[in-house]
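We just call them A, B, C and D in the order they show up, numbering each chain from 1.
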Amino acid sequence: MRVGVIGASGYTGGELLRILAMHEACEISCATSRKYAGERIHKVHPHLREILDMRFENLAPEDVATRSDVVFTALPHGVPMKIVPVLLEHGVKVVDLSGDFRFKSISTYEKYYQLKHEHPEIKAIYGLPELYREKIKKAEVVANPGCYPTSIILGVAPLIKERIIDVGKIIADSKSGASGGGAQPKPVLHFCMVEENILPYKVSSHRHLPEIEERLREFDERVSVSFVPHLVPVIRGIETTIHCFLIEDVEGEEIKKIYEKFYEGEPFVRVLNHREMPRMSSVRGTNYIDIGCFEVDKERERAIVVSVIDNLVKGASGQAVQNMNIMLGFKEDMGLRSIGVHP
Amino acid sequence: MRVGVIGASGYTGGELLRILAMHEACEISCATSRKYAGERIHKVHPHLREILDMRFENLAPEDVATRSDVVFTALPHGVPMKIVPVLLEHGVKVVDLSGDFRFKSISTYEKYYQLKHEHPEIKAIYGLPELYREKIKKAEVVANPGCYPTSIILGVAPLIKERIIDVGKIIADSKSGASGGGAQPKPVLHFCMVEENILPYKVSSHRHLPEIEERLREFDERVSVSFVPHLVPVIRGIETTIHCFLIEDVEGEEIKKIYEKFYEGEPFVRVLNHREMPRMSSVRGTNYIDIGCFEVDKERERAIVVSVIDNLVKGASGQAVQNMNIMLGFKEDMGLRSIGVHP
Amino acid sequence: MRVGVIGASGYTGGELLRILAMHEACEISCATSRKYAGERIHKVHPHLREILDMRFENLAPEDVATRSDVVFTALPHGVPMKIVPVLLEHGVKVVDLSGDFRFKSISTYEKYYQLKHEHPEIKAIYGLPELYREKIKKAEVVANPGCYPTSIILGVAPLIKERIIDVGKIIADSKSGASGGGAQPKPVLHFCMVEENILPYKVSSHRHLPEIEERLREFDERVSVSFVPHLVPVIRGIETTIHCFLIEDVEGEEIKKIYEKFYEGEPFVRVLNHREMPRMSSVRGTNYIDIGCFEVDKERERAIVVSVIDNLVKGASGQAVQNMNIMLGFKEDMGLRSIGVHP
Amino acid sequence: MRVGVIGASGYTGGELLRILAMHEACEISCATSRKYAGERIHKVHPHLREILDMRFENLAPEDVATRSDVVFTALPHGVPMKIVPVLLEHGVKVVDLSGDFRFKSISTYEKYYQLKHEHPEIKAIYGLPELYREKIKKAEVVANPGCYPTSIILGVAPLIKERIIDVGKIIADSKSGASGGGAQPKPVLHFCMVEENILPYKVSSHRHLPEIEERLREFDERVSVSFVPHLVPVIRGIETTIHCFLIEDVEGEEIKKIYEKFYEGEPFVRVLNHREMPRMSSVRGTNYIDIGCFEVDKERERAIVVSVIDNLVKGASGQAVQNMNIMLGFKEDMGLRSIGVHP
């Protein structure tokens, strides 16, 4: 299969190339970048030296489409909505990593992204395989989920489905590594601002919040999530601590079993033991989500669940390739068999 | 004034010495350590080279008492309860940094610390000056608060007092630097285990939880706190994100004003602006607590407040010296005028 | 092929298991650990959860030998010299990761390791494939090189061979991540001691110094290396800056070509461009050594070369598997095709 | 004394303000910044909240001069050469933190800074008090040394003066925290590029190299320094490892004594013991330079000395205030009595 990557110079672009380079059934047809057109890939992604011997190109979507069977768009929000229609016209399948096609409600998208959607008629499938695998199989366009939504939706869905928590008071306190902020230098991403600091940001207005609620409300429309993201001095990784209030009298071990059952057979979800905490190093560079803790505080009628992902892999490019594998009928873990780099 | 430090080789001991060395009205009478007796202070605390030209001593409490007017005990839980009575008999004032004297309820102490209290008759004052200043002035023994309790009690007390939040569902998600774990090497504090990781621990059973609730219940006995501490790749600093559910319709700016009023005139509490986030570097090495965020999410009826302290200063040794200053009638900021080392 | 790992609970043990789990021609026959015998592998190596479903065992060398065709010994110095003879008697091939068999001169070993060698008759091949590939092919025992020696020998050998530098004044200033210090907690590896610090150590007496000189003197017996290792706040990776004094008038570009020629066809050596600096992230989790810089300072008649490896992979377990592949006639990169996790 | 700070919004500007705020004989007359004119100081320097209650101003040099007795210029290279003459005309004393007035040889300056010097007639004193105190006392303009030069000149001068090393082959391998790169965001200072990496840069062409050699050649004109700076994942601090080749047979203890004698009475130089390594935390936030190691490798006829400073204090703003104190006849440590924040 010929695979094109539009917007290949950022962190998610680099991860797509890294994963696709390990994919036994795909060939990278092109990697586009306006800024670095003509440069060797490894000038920007030094880890790909002697692995991908190609150059960035500045190509029109049409040209990418003619060379490709499937295309990943790793572009700033607002751009894919202009490009994806062109790709679809040419009959290629698309996995879009932006927020442009993630929302069921266009008005929610327009409110949170402050953009007018130009192609509301395009119906993408939300690419969370653990919830939408059957639909992804038949999709022409997959909207790859945000990094925080992946960590939170998968982290709390079983509790909501099982109806054992107060769905109106779910707290998701997430901590993300700085790679989630992208490769562009900004004051807030300067080493001296991130190192030795923990910084909450967009504590009530993050774009991922409506994305999370829209999907969780499929289980229970009363869901309300208090989501606070933090920037932490880590390169890769999102740790989400989910605080819930129990409405049923359950034990930690039972909660663990609820998760095991919910995720049975899932290739990239690892359910840890009761009181076992997931670690970022276990998932570093991999497509796993590790979910653990499952602690119950009887006195306060609360439960705590912790999930960990690599924001650039399960939170972005790895999940995108997982979606592609499903769309194309490949084995779901093709290209995605890396093992976490621990310690 | 002659000041003795019992247990001077740990991190809080080192901070006591650093602060006392800058204190214009105190003289360090002795610094004890069994392990390092006879060694120069700067062998263990290299930053004190040419600043404190003294040696660790192995002294009985009686001997410390005869040399001192006031004594700090920076010892493992369970030890001060044996030593403080001896010090009191000798007429010295004591600031104890352990958990031994923090609890009003001895049974709570015994349950959470798994120790039998040998001197429940000793009534210490809980050394949070912002709440108990008048009592501290007259105290013989001050129980210096835990680091997390300092960050959480001061972070949420104004909201509880003002009766604008659901006090039964306060979530305190705290992130602490590794110095909070002490200087003793442990697997969990190995550089490779802390770096590039965010680790929740003791998510429902931390000893600081009952300490927090006991004090906050003085404002409202229905208080229940969901406290989850995390170990983060930072040397010093605790960031606490407090998630609350509002029972009154208030604006962020109003919340800010509630805090300003509550902490008016406090020398070590800085109230930031609405939507301004505190930074660890602003308080690094200082006795300040910076409180900010004050964000309201109307749709979800929630509010978020963020506090930041240096766990070894306002969270331990700085607050201990602040307490001593109050006990001895000194100016409250003596020895504590350091400015944050930012960046 | 059946592969046994003796001493599988440390960092190099964990890396061996990670790499062998990806190896298409090997099967792990056993992973021994006295301390963790009976525990699941993933209790110690959380990244191997659902990847290696086995337990640590406490086995005698004989028992490992009967189950294995090849054995890795990842044990403290002094222990392999007792075990390797037993393994050899049973006809298995051995790759030893300790210093026990690295030295041509037993007296040098005994001086620097402060141990009496019990089996000086065992002649191992020094497992640096770039220099000794032909001998490794026929070896029964391979002594896997130290991490610093790998980074330094490969970093400077071409310059010595080409006779363009003053071999009596080679300076190797190396910076290593904390995983090089092993998984055991020690004061010097406490997060608070490593973070925000750069610590030179054993600046004239490190055990790797004689190992480096012994091998480089095969090119020129006058070689003398001034080796200073530093502990830096990084998990994985060794960066070595090699400062040399030129005795020939050469350009940076020429030096680059000398390296290209020397390492032509090498699967795990990447020669960068003149003035291009290698990055730790490019080799993180991989068996590559990246060599670059190649800067010449004409005025001061000096040259600078920089090499970077992952100390646990090319500096230990990856190179060990590379050696095994050579010994067994496998393709040299089997199990070793991971791509660097950048950023 | 009225003190003005021109260019107060950068890291060195912030440190000047922090130190001056603690200075008992000075009053800050103004803090200029074009970009932040009108903003409160603590918007940029959050640690100065409630400590400096003033605003940045956009002022002409004349206006700063009329308000001030002494002025610090913390501006990009090339700008002070235009401003300092104006300040001098108005009779104020100046400490300039740029490279503009550091060089004895204008042609060296012009070559390395790629600028035409507009006022070569201004003769500044090089502000390294340990070498030039008497001249600084009488200076109208002090050129504050670079951060690397401070760490290297003070680190090696005693060995050169004592004529025990080969001065033509001094290697200075320096590692600097990211704050040395300034507050402006750049790709190379992005958290993800600095974290978990060690990056040599400008290995033969750094502007500090001629500055170092010019000063050290006052001791011996044959001095040649091989200087390689590295960017390391640390906020503050420069560690310099100095590798020398001995021409005399000396012991480590003797070298230590040479340093003790050379720096006798110096308020900000701490000479450690033989084999004792300085730590960045010991000098964090302080004006100290700690010098230690003093290791001799007899076999290879080499010696190693290690120095550590806080690049923003002794390497910039602290030394600038030390210079001001000397110029004004104040006690040399006024404003500079902070103790290192360790750990």
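Assorted remarks:
Here, contacts are C-beta pairs under 8 Å (C-beta built on N, C-alpha and C of every residue); 3 or more make two chains touch, one makes a residue touch a chain.
What you see is a predicted model; the values in this text were computed from it and never measured.
Most remote chain with respect to subunit D, judged by CA-atom centres, is A.
For the pairs A-C and C-D, the count of C-beta pairs in contact is higher at C-D.
Centre-to-centre, using mean CA coordinates, subunit A is 45 Å away from subunit D.
If each chain is reduced to the centroid of its CA atoms, subunit A and subunit C end up 36 Å from each other. Rounded to whole angstrom, the centroid-to-centroid distance between subunit C and subunit D, based on C-alpha atoms, equals 39 Å.
Residue numbers of subunit B whose C-beta contacts span two or more other chains: 11, 177, 179, 183, 192-193, 196, 233-236, 279, 281, 284, 343. Taken together, the touching pairs cover every possible pairing of the chains. Interface residues of subunit D, counted against subunit B in their complex, comprise 11, 14, 18, 21-22, 45-51, 179, 183, 196, 235-236, 270, 272, 278-279, 281-286, 290, 337-343. Against subunit D, in their complex, subunit C makes its touches with residues 169, 171, 173, 175, 177, 192-193, 196-201, 203-204, 224-226, 228, 230, 232-237, 239, 241, 243, 245, 277, 279-281, 284, 293, 295-297, 300, 302, 304, 306, 343.
The part of subunit B that touches subunit C in the complex is made up of residues 11, 177-179, 183, 185-187, 189-196, 233-235.
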